[in-house]
């Protein structure tokens, strides 16, 4: 089961967990990214590339399902304006055993960070600025391409 | 923030996530273990060592908080009888960045598997049997002791 | 050459002043990089958006590609900064 | 030697037939392993529970310890199978 959602509305963790658990397997690993409440950001706005975003997320999820034999992969990403403390992204991987679920969960969020067309704009006080991409994200995504990974 | 619970009641993911997110940091990784619904188990029963269990879980959580500088570590473990599909265990790690949250989450569940006094008994049809410990769990827990881990 | 629907995101969109436009580049424009060079001549906004090619990424018909990719018979080409989701 | 509260879990508890008992081993019982040897003589149930020492784990005053750990002034000693939680 693959579930992809790019949405304006807030992310309902309980509903997404129910979806992840419905597969009947033993292990669910999740990652949730939040708008940090502790570094002065007033509003975060997420822009995306409609159509291409969903296709990119589907490709990431399919890659994880195939590589780890997942029974479920979920990616939910918000777009539009959001406030500190709100969830930006939620990913979940369901597998028979925890090793596969944990690794696949890390893969989902690492690849999403570099492969999906989202752009963040932060407002701090009266200043809005586009968030710069981080090299460390590319390093994290690329480790899944190495033969030993 | 550390939250440990050993409980008869079902695990409320939404409530636990709210707790994990209250710390105000940017990244929450979770792992949920379920009674598998697909391998013929009718009932799973969890026995534990009251007092020693809570102390062991606290030690695991403190180890993670210290090692990864977490703002929150949560371990909730059910005891008593439970049905296929129900949650046995939930762990969460909250950190400023995803790498720390994901690693600490894996640490919490790996160490819990070998360091906390819980015993599982499965009923399949009319036969009840104690689940055997798996060597692979010890290997998973011990990797965190290696200097390169 | 056929018409191409250009789409722009984030600060590329802001500097150009629009998220979308239709262009008809000459036949000499063979790759996405050629297209960026040609578009940079159109307006001050385009020039500013495309100032630093190392900070630009592209998609041809919604597939992410390197800038030296041939345009071929593309219908939609997107130019944008490195992505920052998640 | 002082009295020790013994606690048992899972199939160790089931084979012994109780989850808890108080014992007063002789002074010659120095380690947890000695205690297990001594307890194995008490009843058929104890003998069966402690049949295979490699499958036993122990805690002294709620601290997990190897079987060769000295008992010292322990008040509570637990004997149980390898743990299987999570």
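We call the chains A, B, C and D, going by the order they appear; numbering starts again at 1 in every chain.
As a working rule, a contact is a pair of C-beta atoms (placed from the backbone, for glycine too) under 8 Å apart; a residue touches a chain by one contact, two chains touch by 3 or more.
If you want to know which protein each chain is, UniProt gives these names: A, B = Molybdopterin synthase catalytic subunit; C, D = Molybdopterin synthase sulfur carrier subunit.
These numbers come from a predicted model, not from an experiment.
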{"item": "Topological distance between chain B and chain C, in contact steps", "value": "2"}
{"item": "For chain A paired with chain D, centre-to-centre distance based on mean C-alpha positions, whole Å", "value": "49"}
{"item": "Geometric centre distance via CA averages, chain C-chain A, whole Å", "value": "26"}
{"item": "Whole-Å gap between the CA centroids of chain A and chain B", "value": "23"}
{"item": "Two or more partner chains touched - positions in chain C", "value": "86"}
{"item": "Multi-chain contact residues (two or more partners), chain A", "value": "33, 109"}
{"item": "Inter-chain touch pairs (all)", "value": "A-B, A-C, B-D"}
{"item": "Complex interface listing, chain D residues touching chain B", "value": "7, 9-11, 13, 59, 62, 64, 78, 80-86"}
{"item": "Residues on chain B engaged by chain D in the complex (per definition of touch)", "value": "33, 46-49, 51-52, 55-56, 77, 88-89, 109, 112-121, 130-133, 137"}
{"item": "Residue ranges of chain B in contact with chain A within the complex", "value": "13-14, 17, 21, 24-38, 84-85, 87, 96, 98-99, 101-102, 105-106, 109, 140"}
